[in-house]
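Right, I'll just put the structure down here and ask away after.
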Amino acid sequence: MKDEKAREKRTGQMRIRVRYSECDPMGVAHHTTYPVWFEMGRTELLRASDRSYREYEAAGVFLAVVALEVSYKKPALYDDLLELESVVSKIGHVKITHEYALRRNGELLATGKTTLACLDRDGKLCPVPDSLRV
Amino acid sequence: MKDEKAREKRTGQMRIRVRYSECDPMGVAHHTTYPVWFEMGRTELLRASDRSYREYEAAGVFLAVVALEVSYKKPALYDDLLELESVVSKIGHVKITHEYALRRNGELLATGKTTLACLDRDGKLCPVPDSLRV
Amino acid sequence: MKDEKAREKRTGQMRIRVRYSECDPMGVAHHTTYPVWFEMGRTELLRASDRSYREYEAAGVFLAVVALEVSYKKPALYDDLLELESVVSKIGHVKITHEYALRRNGELLATGKTTLACLDRDGKLCPVPDSLRV
Amino acid sequence: MKDEKAREKRTGQMRIRVRYSECDPMGVAHHTTYPVWFEMGRTELLRASDRSYREYEAAGVFLAVVALEVSYKKPALYDDLLELESVVSKIGHVKITHEYALRRNGELLATGKTTLACLDRDGKLCPVPDSLRV
């Protein structure tokens, strides 16, 4: 039961409509838009937990992306309604790893992975707060 | 002589290469990119004066855009090398107006106008610093 | 009754969550993001009508922004949930004018106006299709 | 001698000024901007060779990003003047790999890697053109 709740907190789903301004002359979403969407997935994951990322920043806790990986399988098109799944896959002492799967009607378009480092107001590494250890 | 120098400080030229990520499915620069370029023009104008905008912000002076107008005449294409002319057209008590002309090989592609309000750290209106009264 | 339906088609509401990547070092949504949101408003307006903009482009009808005006009243902040109202305010022979109001909890943050020109595949002006004359 | 010329074609340097609109509430360049810069590096690499990417697209050859990796070491700040080094590190049958190093005053800020797939007008994989085999 507890595990189920924990897992729920670690996984989030959201729908994303591809904007015209996100698409390039090939008529598909530009590849740099995918990590923008991943960041939205992380924001929604946090919102579903106890505190929003806005509240963390206000409290002096910053999560900076230190590594990014994206694998593009099929293009997303303008006006597509996409499903983004975001998962907290690992929580270390000062870093958090998320993984992402982007789909359209269930078909996998891309996967991704980010590593965030926890920083204080001075930009120094600090331990991941307990409230983020879901 | 002094007038000439003043005018020089009030007008700036810069060249801008259109990025792939700035272009949309019509194959032209997305209309929201033009005000990004205008902001670059303002930054270069300030750099040519006594202080950079980065230094103003560090000193607690923020310039926030309160009005924007753009007139699009011909599309800018991917990889075009554009010429942007930026002019300080009016300096009021708390506001500064800039005007812009974007050209490709001398041909006018767009014109624009922005009004910036001078804000302090608390987001309150404050007088335009003398150093900006070129 | 018919008028009411027509007006309904001419006005659209949508909610927009401010993304982290849309905010600048002042901690507020960058001013160039507002016209991106306006474009989303136009897209949703069209979707509520008979055809989506994607379908228009597929049919060889392109709507290019030829004029943009934005008036910024209060800043939108990261993670704010905004309400965007978009209205078709004028339909001419080859051009369409939209007006926008952006609010947060009912408070007006910005207003805007765009003029779109109707273009064919060759980028030439063409009459606004009847299906857009709502 | 020939090797030296080949290597020269495989490596490119460019300077990039960090734009205000590219920076986020942490006051640093948003992490999704780095791959935008990498794409600019690729464009300049191609320009230094026989044909520009614009010419390739006109000829029906599209280079789509299928994999992206970025490692962020130190933040880039607004108005920084960065040096981007881009290298063609591998050319396969249908794919090209580039590697990137982003520096400020010689200090390494980030490294990156992209894999591009060569596509024809129908989005199908096609062999890398000989002119790209530098």
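Order of writing sets the labels: A, B, C and D. Residues in every chain begin at 1.
Going forward, contacts are C-beta pairs under 8 Å (C-beta built on N, C-alpha and C of every residue); 3 or more make two chains touch, one makes a residue touch a chain.
All values reported here derive from a predicted model rather than from experimental measurement.
Enquirer: Quick check: more C-beta contact pairs in A-C or A-D?
Expert: A-D
Enquirer: Between subunit C and subunit D, how many degrees of rotation does a Cα superposition need? Round to steps of 5.
Expert: Best-fit rotation on C-alpha atoms: 180 degrees.
Enquirer: Specify the chain most distant from subunit C by Cα centroid.
Expert: Farthest from subunit C by mean C-alpha position: D.
Enquirer: Could you please state the distance in Å, as a whole number, between where the Cα atoms of subunit A are centred and where those of subunit B are centred?
Expert: Chain centroid spacing, subunit A to subunit B, equals 34 Å.
Enquirer: How many angstrom lie between the CA centroids of subunit A and subunit C, rounded to a whole number?
Expert: Computed from C-alpha means, the inter-chain centre distance equals 28 Å.
Enquirer: Find the geometric centre of each of subunit A and subunit D from their Cα atoms only, then give the gap between the two centres in Å, rounded to an integer.
Expert: The mean C-alpha positions of subunit A and subunit D differ by 24 Å.
Enquirer: Could you say which residues in subunit A touch two or more other chains, in rising order?
Expert: If we look for residues of subunit A contacting two or more partner chains, we find 20-21, 25, 32, 36, 39, 78.
Enquirer: Can you list the residues on subunit B that touch subunit A in the complex?
Expert: Counting only subunit B, the residues touching subunit A are 20-21, 23-25, 27, 30, 32, 78.
Enquirer: Can you list the subunit B residues touching subunit D in their complex?
Expert: Against subunit D, the touching part of subunit B is residues 17, 19-21, 36, 39-40, 43, 52-54, 77-79.
Enquirer: Which bits of subunit D are touching subunit A when the two form their complex?
Expert: Within the complex, subunit D touches subunit A at residues 25-26, 31-33, 35-36, 39, 57, 62, 64-73, 75, 123.
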